[in-house]
Structures are given as C-alpha cells and as structure tokens.
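What follows is a short report on a single structure.
Per-chain residue numbering starts at 1, and chain names A, B, C, D, E and F are given in the order in which the chains are listed.
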Amino acid sequence: MFRLQVSDHVSLQLIERHHAEGLFALVDANRPHLREWLGWVDGATEASTYQESVIPAWLQQFADGNSFTCGIYLEDELVGTISLHEINRHLGQTSIGYYLGEKGLRKGVMTDVVRFVTNYCFETLGLNRVVIECATGNVRSRRIPERLGFTEEGILRDAEKLYGTYHDIQVYAMLRRDWTKTQEVAACASSQ
Amino acid sequence: MFRLQVSDHVSLQLIERHHAEGLFALVDANRPHLREWLGWVDGATEASTYQESVIPAWLQQFADGNSFTCGIYLEDELVGTISLHEINRHLGQTSIGYYLGEKGLRKGVMTDVVRFVTNYCFETLGLNRVVIECATGNVRSRRIPERLGFTEEGILRDAEKLYGTYHDIQVYAMLRRDWTKTQEVAACASSQ
Amino acid sequence: MFRLQVSDHVSLQLIERHHAEGLFALVDANRPHLREWLGWVDGATEASTYQESVIPAWLQQFADGNSFTCGIYLEDELVGTISLHEINRHLGQTSIGYYLGEKGLRKGVMTDVVRFVTNYCFETLGLNRVVIECATGNVRSRRIPERLGFTEEGILRDAEKLYGTYHDIQVYAMLRRDWTKTQEVAACASSQ
Amino acid sequence: MFRLQVSDHVSLQLIERHHAEGLFALVDANRPHLREWLGWVDGATEASTYQESVIPAWLQQFADGNSFTCGIYLEDELVGTISLHEINRHLGQTSIGYYLGEKGLRKGVMTDVVRFVTNYCFETLGLNRVVIECATGNVRSRRIPERLGFTEEGILRDAEKLYGTYHDIQVYAMLRRDWTKTQEVAACASSQ
Amino acid sequence: MFRLQVSDHVSLQLIERHHAEGLFALVDANRPHLREWLGWVDGATEASTYQESVIPAWLQQFADGNSFTCGIYLEDELVGTISLHEINRHLGQTSIGYYLGEKGLRKGVMTDVVRFVTNYCFETLGLNRVVIECATGNVRSRRIPERLGFTEEGILRDAEKLYGTYHDIQVYAMLRRDWTKTQEVAACASSQ
Amino acid sequence: MFRLQVSDHVSLQLIERHHAEGLFALVDANRPHLREWLGWVDGATEASTYQESVIPAWLQQFADGNSFTCGIYLEDELVGTISLHEINRHLGQTSIGYYLGEKGLRKGVMTDVVRFVTNYCFETLGLNRVVIECATGNVRSRRIPERLGFTEEGILRDAEKLYGTYHDIQVYAMLRRDWTKTQEVAACASSQ
C-alpha cells in the first residue's frame, strides 16, 4: 500500500508479503508472453514462494538500501513490476528492470513508469547514471529507453542466458547531466 | 517517498535513509516537548545515527514484516512519526506508537493518522487487535485512543521507565469486531 | 542437573539436552490436561524435537540472559516446568509461565515454586516487576498469583489464541516494593 | 544460583552474568598465584569484560552443549572455577580445567570437585573418556589427577605457551571402564 | 605458496595472510604509479589491514568460488596482482583485474599472465565469457586485451569514479568460441 | 590447479570445487582399503556432496587460515590427499592427516609429501610444533612419522572411534628445533 503516484491512472506500490497472491496471478496469467525474455518464469510455480522467499528477499534488499521492487498499477489493477537493481552509492549508479502483463501493454504505461523511476533515481536518490539492459532481440523492451532518450553504449555479447541459449545485451544509459535536457526536448517534441 | 495518503493535507512516508536529516531536524527542534514522554530523545544527538543505524534497523523490521515506521507529513512538512511495533501474525495483533512536533499539534492530525493506521491494521494487514500504550500522565497522547473509541483494558504499574523514574502504563485496545461499529458511532456523533 | 532447591521436597533443574526424553514423557502423559490452555501441546509429538530444537532454543535464551526454563522436580520426579520470559533489564521486568502434570497437582507445589522464582527475580536478578498472564478461563492457573498476592491489573481482550479461538488474558503483577510486605502478611496469615 | 552440590561444604554454580563482580574479585585477589600457569590472567583487568564478553561466551558454549564453566563455592564463598572444554559427543570425550584462589587451597576442595565432575561426565553426560592436561611444571595441579587415579598417557612437548615461553603438557586420562574400579580402590584405601 | 606456473620466469601465487607484508611493500613502493587508475591506493596505509581484512576477504571470496586474487611473481619477486571478480557460474562469465609495479613493466609479463588466466577461465573453470574493463584513459592497461584479441564491446560513460572524478570505461570481452582461433592467429603472427 | 611442487613426479593441488568428481572417484575406487582407518568413507556416497558441502567447508577453513586440504598428484593422477588441521597461531602448532589410494602406495610418495608439508609448516607458516596422530593399529600410516624422525609422545587411549569401536591413538610430534637436525641425519643416512 506504500505508493508512488506516477500519473492520474498509474501508480507504483512497494511489494510486501500481502501482494504475493496478486503478483503470482499476474505471472501465471502471462506465462507465454513473459517467459520469452525472463528466465525465471518457468520456476515461478507457487504463490507461497513469493510469500516466503521472493518478496522477503526483495524487502531485505530494500532495507539494505540496495534496490526496490514495485508493482505497477493501472487504476487499481496490478499490471507489471519495476525494480532498481544494486544501487551503488559510491558510483552513483543503478539499473532498472521491468515487465508488463498483456493488460498493461500498448498504453504508454511503461514509458511513463520508467520516466518516473529514472527521475526518482536522479532527484530522490541523487544518482548520476541509470542503466537499462535489454536482450538485443527484445524489441518491445528496447523501445522504452530509446523513447526516453537513453544512449546506446554497446552490446555485451553472450551476456544473458535464457533456457540454455546465450543472448547479447544492449546497454542503454542515461546520465544526470543529460536528463533535464532530454526531458525538455521530449516535452517540446510531444507538444508539437 | 513511498506514501500512504491519509487525507487531503496529511500523508505518511515510509522512512528511508534519505529522510535522516529531516527526521533529526524534527527531533532536534522539539527536544523539550518530546523528551517528556520519550526516553530516547536525549540519546538522539546526530543525524548520522539515524542514517547508519536507526533507520536501517526500522527498515530491517519492515523487511521482516514485523513493523514499520512512517514520517507524518502535513502538506509537505515532516511533523511527526507513527510506528507499528511487533506485528504478531499468529495472534493478529500489533501496537501503535506516535509523536508530533509542535507544528503538528492541535490540528487533529494525529487523530486522523491513528484512525488511518488502525484501519490499515484491520483492512490491509487483516489483524484482530490493535493496542496503544500511554504513560498514565501523558494526557495529550491518551486523548487519541479515547477519541477513537479504544477500550481502556487496565493499568500496568511501573511498566515504563523514563530518566530513572517508573511510570504506569494505560493499555488501550481496539478489536476488529468493534472497529466498524465505533467508526459509525463516531461519524454519527460528528455529523450532529 | 544444575539445581535450585525450592523446599525439602521440591527443586528446579535448568533443562539441558539430556532432559529431552523425560520432558517429552511428561507432556505425552498429560496431553488432555495440558492442551486445554497450552497451544503447543498437539505439536509436541517427538522427544527428538526437544533434543534438537526446543531445548537448544531455551538454552540459547538462557545464554543471552533473556530467560530460563526449568523442570520442576517433586523429590526426583519431573512434574512440570517453569520459565522466565524476556527478562527486560532496562525496565527491570519479566513474566513467569508454568504448568504441572497431573502428579504434581493439589500438593501446593506450584505456589511454592512461583513464590521461589518471584523471589529469585527480585533478589538475584534485581528486577522490579514480575508479571503472570493467565487466560481468564484458566481458573487453576489464576489461583497461583492470587494466593501469592499479585495485583490484577487488567484484562487484555483477545490477547491469546488457542486452537483458532481467542481468549482474554488476565494480567497479574507483583512489584518489588510490595513483595516483602506481601510475604509477611502471607506468613502471618498462614501462622494463625 | 544454579547449583551442583559436591559435598556438605562445597558446591558448584553455573556462572551467569551476575557473577561477574565476584569472579573478577577472585582473580584480582590472586594474580601472582594464578598467573604462574594461566596465560589469560594479565589480560583480565576489568569486571565489565566478564559481564559483557567472557561469561556470555561461556554461556553460549553451555547452550551449544559444548562445555560449561562453574564457580567453586566453599560454603558461600567463591574460591575457584572448573570447566569442561569441548564436549565431543561422537568420541564421548571431554577435558577438565580448573583453578583455585589461595583461600581454597590445601583443603581437599579441588580433589572433591574434580572427582564430582569426572563422575558427572560419566554418569550424567554418558562420556567415555575424561582428560586433564597440566603443564609438567605445575606440580600442584598434577596432584589432582594423580590422586584420583587418572593414567599418565604421555607428554606433549611445547604444547602450551605462557608469556612467550613454551611448556610441555602432561596428558592424564580416565576411561569410563576404569572409573568405578578406581573409585572403589580409592574408597578402600581411604577407609583403612 | 600455492602456485600457477605461467612461464619459465613468471608464476602466480594465491595470496594468503603471510603475503601481507610483501604485498603492502609492493603497493607502498608504487603509490604515484598505481594511484592514477586505482582508487583504493591512498586508503592502503598499513600492512596489518591486508593481514586482517583485505586478504581474509579475498580468501573468503575464493572459498565461495566467486573470485581469486593472485600475486604475480617474476622469478621470486612479487611484481603485481591479478584477480578474477564475481565468477558467475550461471552465465559462465567473469572479469579480470590486474596491476603491476614499476619493476614488472615493459617485460611482457602482464600479457603472458592475462593470456594464462583467460585460458584458465575457459579450460579449468569452463566459462564462456571473460571481460576486462579499463578506464578509457588508461592506455597501458588497454593494450593488454587489445594485444590478446579481446573485442571492444562499448564504452560505459561515467561508470568509474576516481578521486571524485567520473571516468568512462571501455569494455573488452573474449568469448570461448573465439579464444582458440584468436590464439592461433596470434601464434601465427608472432612466428612470422 | 593451485600447486605445490613436492618433487619431479609428485605435486599437491589445493582442492577446489572442480576437483569433486576426481576426488570422489579416488575414494570410490579404494573403499575397502580406506575405510579400515577412516570413519567417513561409508558416508561418502556421492560426488555432489564433495561439490556442495565437503570441499566448500575445506575452502572455508583455508580462507579462515585454519587448515588446508590438498590432493596428492603422482604425475597428473590424483592418488591421495593431505590436510593440515586447526592451525593454532598462538601455540604455533598444527597436525597433519593423509591417505593414499592403492595406486599411490609403496612408492615413497607419502614420505616425500609429509616431509614437504612438515617443512612448509616450519618454513612458510612459521610454526613450532607439527603433530601426526595415528591409530596404534594403523601400521602403514605410523611408518611415515617414524621414518621422518617424529618423536612418539604417548598413546591416547580410546581417543578415536571407528564403526562403533574405540581405538588408541599414537601421538607423534616434530618440533622446529629438531627438524633441521633430523633432516640432516636422514640425508646422511640415506646417502650412505
């Protein structure tokens, strides 16, 4: 129930143990869609695992100040999740991971959410560099950082492994010094 | 920044490390007022202690599902804190602790906040019993559960110790089965 | 084998791993009697659990200075147990829990033992407040603090849960300043 | 206060935090005498160290079932300590360490205490082998196992180090199968 | 003393506590040279820190199977170190870090050592991908992966921070499928 | 692959997780021979246990600086293991344990290896006393310290337990001050 309001219709909730059932239902209803680019989907077979180990581990990392995992809500429906991984205070750096179930797709939800979280990283956490890594073949996911003006920094070959097959990873990054500028350009573009 | 919206003007924020400065400033500005009934005030002498040990310990308890500690915000100003202590899932029970700095007093803030958190205990956490313990001499604090219809269950003699002196504790409790009823009566009374 | 001598016929022994068999036999022989007010009885199905987890946990708490659990011996026979729970050094406070199997009942054993342990709390541990909590329906158990002059401080509603049903708890407490006085009155009464 | 009664005048008490002052006073009053064969004496400079680290460590080992440390009481006066080190359940083996302050010497106290503890190892703990190791030059200490009929098994060269100097250790051991026999011979001898 | 023989003159030794003095001396003699690209150099002010915390932490990671740190020896003289960081078994991936003191420079030592360790990653550890990350300005260090045929995969902007200033990182990687081929080409080239 | 070269044909390798298969095969091929004096052989029924618990525990002890376990290689074949147990820095003392499969026997391998490791204890680790303990009936094993000039210090009765039966242990030790001398005598004797 602890919330970050992204827009009129979209909010994030810090995931706690009482979200286990809803979160499992989201994954369970979207297996074919999600498993294409997420290696852990086949292993997620019970809501109790979320309750007893997955969510406690996320909360532990949140308590340690190293990451957070939020549910993405469209009105009051859970449609996906977004996480910060390994917040490095010394380097002022973190990376963002996210997915949506079918119901959340094609509504601009994720672009708004990632914009909001990127802004949170710079404004609230005071970070300098935000990374998004996508398998090169994951076209839908790559569109998000591209729309938000993240820079393509390179392709890490064989750096992801899904169902026994290696995939290359496209690294996108946004630096604090480019963020305001990027947002203004984007705002300008969208207002035309 | 993770929020619970209590009313138009009042919200709660889960306290994270980046709140350390603000929280210390609140305590520091209200020492004479707060130390009367809070034993730890004199020991809170540095913001860094909040950053490095107090807040991490609160977050650890939140991650363990045993409690939470929130800042109370009036508009965007931090005016106090409220905590759940030791959420006992087996017994369906917890207790609430709270304080306000001078700026938050006499505006009905705490009554709204405690009503909200009590409701959260019954509705979101599914608990059965919510306890508030006040030193018998702490008249201002006792008014909150009294206004909200909590039952006085007894007085625990010498159960609190402040600056070397024992104090008696008045135990107030609300049960889930009385909560809706109580709220209706209260709403009714206030609408007359 | 580490003992506290209560009276000519009654002693306490700090429970160690080698008491596991005897302790399990006591519980096993008194299930119908004990389970009425003790929620853990049905779960105690093997002596090995005492050996490997229950007794080590008690010893750990003893080592931490937070509690102890002793067997009650009538002559050389184990007839019950008595524990201190959560010794709070700052508040100078603890609570006592106890039970007897059938063989130990109706001989004044428990009154002597609780008097002895209460005295131990004040004299050896230097505490200020000793609490005994009994379900309101547990008449036999309530007689002990009543005979020893403990004060009834209040009734905590729904504060215990046994086999899915909530029970109210009667809180009894003895303060150090009342103990000597109480004992003299009791001695005086019993000598008439 | 948890006791083992050795004889009419001598008892052992499991050492808890509240014995810290008394134990430090014993060591402090006997430094020249004790430091000859105990390497830790010079490092024991404050009662608070016993309270906060030495005694908690002993209690932790007791809770783990690996050892115990008792105070030796002559009437009600603390005159020394005795410990079991590293109780090995698989091999059925432990070793005994002990010392007395001046007031406890030359009264047969230690012989009685070591006989009692050895018996405790065989009878209560069910062990098979009890070891006593003494520096070869520690004549007073060596007399105890010799009087009790322990066997000299060998001399471990340079196996102890005191104040930078190596000492040889004489290993004495008693086996369960020899214990009853030895005691009878001893009883017989002393009754003549 | 546990060794990997790299060539007739060069070997690696797994660093243990008894290497602390030698390792500190190496760093201490090369501060101006090393601190340019290594952020921890100014903080390395005592050999005892290596003995008590740095080397134990490295050994712990080695024991966990996550990394190793070796001294580089030219004949019997310690001239630098090389480490594997975060061996990821699932992804079959690790990264290599290294430095040399002045005495080890300009002798081809590091090229031989990194070739050997890369080979060790593929042959002994069975990994698929080996990464080397160098600040873009660290020309000397970049020459090693370039000579060994590693691929430049991209430049991570602001991904390193030295003395308060951000630096870009050039990512080099070698894949198992390219390694044999690369080595043959290199051997071929060097034999002409 | 981290090695200590003992002689032209014999070397030691620090055992890491990737040695699990080979080590299990050695034990599995030598069960009748090894189980006579090693109590753990019957319990070693799967290579995965070496991979997941035995070898990680050895590496943990190595990381803690308390011991190491190496494979003994004759040319490139694993023929046995040798370990240091509980390196005591304060006393400058450790003990050596070892075994060979059939293929390594009767070639002087173990005498060379134990001489090398004893030397390592004195020269590299700077210890003062090296112990070898053999069951008195284990004639083959006893020959090693006897050939190397270790002193018989005594017989610890019932100090080992194999398959429910107690065995006596012969304690052999070598002191640093005798080592060089012993080696010269041995060299002298063998050159005649």
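We take it that a contact is a pair of C-beta atoms (placed from the backbone, for glycine too) under 8 Å apart; a residue touches a chain by one contact, two chains touch by 3 or more.
Quantities reported herein were computed from a predicted structural model and do not represent experimental measurements.
Peer 1: Same or different: at the subunit E/subunit F interface, is the fraction of residue numbers used by both copies above or below half?
Peer 2: Over half of the interface numbering overlaps between copies: same.
Peer 1: Looking at CA centres, what chain is most distant from subunit C?
Peer 2: For subunit C, the chain whose C-alpha mean is farthest off is E.
Peer 1: Just to confirm, which listed pair, E-F, B-C or A-B, duplicates the contacts seen in D-F for more than half of them?
Peer 2: B-C
Peer 1: Would you kindly tell me how far, in whole Å, the mean C-alpha position of subunit D lies from that of subunit A?
Peer 2: 63
Peer 1: Whole-Å distance, subunit D centre to subunit E centre, using C-alpha means?
Peer 2: 53
Peer 1: Would you mind listing the residues of subunit A that make contact with two or more other chains?
Peer 2: Where subunit A is concerned, no single residue meets two or more other chains.
Peer 1: List, in order, the chains that make up the ring, beginning at subunit C and going on to subunit D.
Peer 2: Listed around the ring from subunit C, going to subunit D first: C, D, F, E, A, B.
Peer 1: Any idea which subunit E residues touch subunit F in the complex?
Peer 2: Residues in contact with subunit F: 1-5, 14, 16-18, 56, 59-60, 62-65, 120, 124-126.
Peer 1: Any idea which subunit F residues touch subunit D in the complex?
Peer 2: Residues of subunit F touching subunit D: 90-93, 128-129, 151, 153-161, 166, 171, 173, 175.
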